[in-house]
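Given below, in the form of structure tokens, are the structures.
Next, two complexes with chain A in common: one pairs it with chain B, the other with chain C.
Moving on to the complex of A and B:
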């Protein structure tokens, strides 16, 4: 199995609850930064919990580092870095004590790398973790997740609630390290601007369904905002989303943009057509607010 | 990395996190519970408060790495689940259980109660069983819940719902339906054992559930095991009397009578004659709102020589009314049986080797009264209750009284024997009486069939004796103050006044009056009883008039 993380027809529902995940097929390849995006309650964290072995799928299967995610053992966890905003730390211990406690479980713990990350993220190791700010906690968790050179990083809302500086430090650290180490990263987040700087693949979960899973470059390449000045009403087709007709003309989101498609639209609408590229945030809004998001 | 290294790592982490809590808790425990400068009497219930604080600490320790929380820190680290569970168990054992066991031993040493090593082991086992049941149940809740708040809510529900439920039932439905149960001695002993069984099963099932939870991180299996274990433990608390008794009788075989000696024990129901019945029908009080009556019959007991005696532990009888209606009467269906036998003065004086008062005529048989049937009053209402017949089988436990030790009435005098120590604290001599303050330390072991009750077979009685004449003295007054601690040591303070006249002074053949200065020659003889076996005896009664709480006279 080449994928670092793979799910096949994965479904999950909590007891007495509705389906949280439905028929999810996802692959994360070595060296890729896979962003897992979706609205609140879409099932992102649930998917991470399943991949981390904390929950068991109702149907389908999931593998993490080639092992059945229901049976992750010590060997797998020695190669998985995990960070979650909801993860509690030992507030009664200092940062240094927690580092000492944690590193004993990892034969491949890199103390020099750990020191480097500490300095880069300006972590006060002599203070108790209970006195850490949220940003410091997240940076400390990231340090604990990376200091042993994992093959896979599972990140659950790593940027949530952080200030700008903390976010920048976290991103810089991730960019530097993941770029060098060729780790696979699966990151569930609402912070699209930050994810856009890091991710090379984007997966979107909407109401438990994986509605989108493709390289960011490809996604941004095929989404365009199209403005047609003076276009007549009613001339739309399946690739267009959010079609609006105004006094200025026709506006829509093109989901299958390519050179051929551009030529077709220019032929249809003449010289009054303009194409503008879309940031990831706008693409996602289009995806989430449309029921026809699949390419 | 070996399993031991994982356990050590997690254990040291917990110790590091809770070092201050532990120091405060242990210092508090030592200050309050040490037997050298004890403060436990200044703070009633302090040991219970100490155990409660231990429970809280245990919740905190487990909640540090709760299994119920999906993304707890250690769950996403290369640490095997069983190592976490074992580290927590080690923590609880070393810092929560061991201090209590050590304090218990400290108390025993300070009280100078002699105990063989096996009794120390049994006491530790009993304490461990009681404490670990609570620890395990709390640990299970703490381990399954996601947050400390959830733990608190769960505990509040578990404790609060039954209390509120009982109160609601009492408010709207009246008295609670209760399982027939008496305060009888034998029940008391068996209850202790059944409590231990209950707690042991609860502890084991919780431990298994916790273990499974840590191993699989699943929810349904451990929950199922825990629920099953709790159900089993409830069943264990209703375990058959016979089973419990047979467990208790293990290890008490040294005093057993031979089958031939037991076979010589007979009970003969004395026949009524000339309109004078040899039985009476007495109310036995109500239990769970059900009033009952018992039939108290005069009998002759053969084959029970002094200082042996019998005590009812069970009967099953069928009462047949003149109309043909039958009613099955079981000993445990009724509460407050009146006559059940037991040790009397005659057995005590015989065991002590002193003069037997005159009115105990010497026969090779004994006359006694025994409750042979009982029934709920309401069941026989509007029935013809004359001319009923009763047929049944009664089970007696046979005991023997023996002299355990002698204590001279001198301040500071003491006598010690297995699991007991008597000490004269003080005495006040008057012309016609002497008042003795006595301290009695005992260590009841339910697994050895002891219980906290004073009247239990196996417990001890004091016979005051005027040494010079070798006669028992009259007792006029007694005050008790009993302190039972959770640490297993029972302390009883009593103040008893003995008269300067021999027991049964109206004897025309005469025990002599005591000379002046008699107070200096008073001994307190400790009389013990030991179990010698069990006999089942069938009996029949005819033409019994039931249904009246008024004695028919005999």
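Moving on to the complex of A and C:
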């Protein structure tokens, strides 16, 4: 299967600074909703910009829709939807005027789909964009990025600062196309609750390194909060993170949970051991605050 | 509205939550053998979750013999569903745990608790 996005040993630095991305190997397959997670300044936006052709990698290579990201042409531009909060819009134009202007550049522009998205997101097309609220602006940007049926949608913080209704509308519109067509989404976000519902793959960038890239289910499958009540034997091993021991017992995060591992830990700690699955938010906190988070 | 009750919660993988909700709906009678099962996109839109995740749940339910695909018609609840013992235990355990905790808080002993359960079961059979 051809990847929609692929990077090999990708590194990047702004001229004035240290490396922002280091040796990143990422692959986004068709049909997948790939979440790109990381702390502020981890390099997420930079990676999206490289894939969109707006920045040049310093080392390594990256391909977007099969083409070298440094040399994207009009065929690729017409198949990439990009949404970023910082995207400039002409504030003096109304929504409708902007749509008329934008659709000229996209032969695949689907007016019926655009109308449908407008209704679903309750966009006031007769108003000037300068009067749009933050949520309306973001929804309008999503419409611009989706109405021509892109094969790749790059989203940079699409949910940030939106109210719950706007978030739900944004998610509903994203889902209309997800899974229906052979396209892929790469979405940088801090909104974990939204990501947990939308993503099927999770990539984590930490200080420019891709520290994690796997299906969400496999990630949730191998992480467990483990609590051992009573006074257990103090034996620990490399698979255990954030080990705390108190008079009540032992608590840690298990990163390689499986049926075999469960049996092993039950044998070691006896009947007082409890396993609980972890929300993505907790898994990420554990990943970000641990130096040995890799499997 | 979906034909089975489900509330997606953070923590457990979502596809496991769907599988569990469907099996529970079978045990409680919300879903009956032969019922039409909603399409993947319907479930995805209703719960606002990735359709790939829903597809994974449906595949797991077909493999477990809970659902069957009829070509051209979509998926249906299998005509003969054999609830497996582990699933029964998984469904009942949290409820029983709460029951036992409440009973002990109220000072009921084991026998009194059992007779309560029997009484309730018989009452429901009558109606």
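Just so it is clear, the second predicted complex is superposed on the first by the 289 of 295 C-alpha atoms of A that agree within 3 Å, B and C clash if a C-alpha of one lies under 4 Å from a C-alpha of the other, contacts with A are read in each partner's own complex, and residues count from 1 in each chain.
Convention: a contact is a pair of C-beta atoms (placed from the backbone, for glycine too) under 8 Å apart; a residue touches a chain by one contact, two chains touch by 3 or more.
Quick caveat, the model's predicted, so the values are computed rather than measured.
Enquirer: Let's test your reading of the overlay: on chain A, do chain B and chain C clash or fit side by side?
Expert: fit
Enquirer: Taking the superposition on A as described, I'd like to know which of chain B and chain C A:168 touches: first, second, both or neither.
Expert: Touch status of A:168: second partner only.
Enquirer: What is the C-alpha-centre angle with chain A at the apex and chain B, chain C at the ends, nearest 10 degrees?
Expert: Taking chain A as the apex, chain B and chain C sit 160 degrees apart.
Enquirer: Quick one: classify A:33 as touching chain B (first), chain C (second), both or neither.
Expert: A:33 sits against chain C, while chain B stays out of touch.
Enquirer: Go through the superposed model and pick first if A:200 touches only chain B, second if only chain C, both, or neither.
Expert: second
Enquirer: By the touch definition at the top of the document, which applies to A:221: first (chain B), second (chain C), both, or neither?
Expert: Second partner only, chain C.
Enquirer: Touch test for A:96: chain B only (first), chain C only (second), both, or neither?
Expert: Touch status of A:96: no partner.
Enquirer: How many Å separate the nearest C-alpha atoms of chain B and chain C in the overlaid structures?
Expert: Chain B and chain C, overlaid via chain A, are at closest 26 Å apart by C-alpha.
Enquirer: Name, in rising order, each residue of chain B that touches chain A in their complex.
Expert: Within the complex, chain B touches chain A at residues 1, 5-6, 9, 12-13, 16-18, 64, 69-73, 75-80, 217-218.
Enquirer: In their shared complex, at which residues does chain A touch chain C?
Expert: Residues 31-33, 168, 171-172, 175-176, 178-180, 193, 196-200, 216-217, 220-221, 276-281 of chain A touch chain C in their complex.
Enquirer: Over in the complex, which chain C residues touch chain A? Could you list them?
Expert: 8, 10-15, 40-41, 44-45, 47-53, 55-56
Enquirer: Enumerate the contact residues on chain A facing chain B in the complex.
Expert: So the residues of chain A in touch with chain B come to 49, 52-56, 73-78, 80, 82, 84, 86-90, 92-93, 97, 101-102, 104-107, 156.
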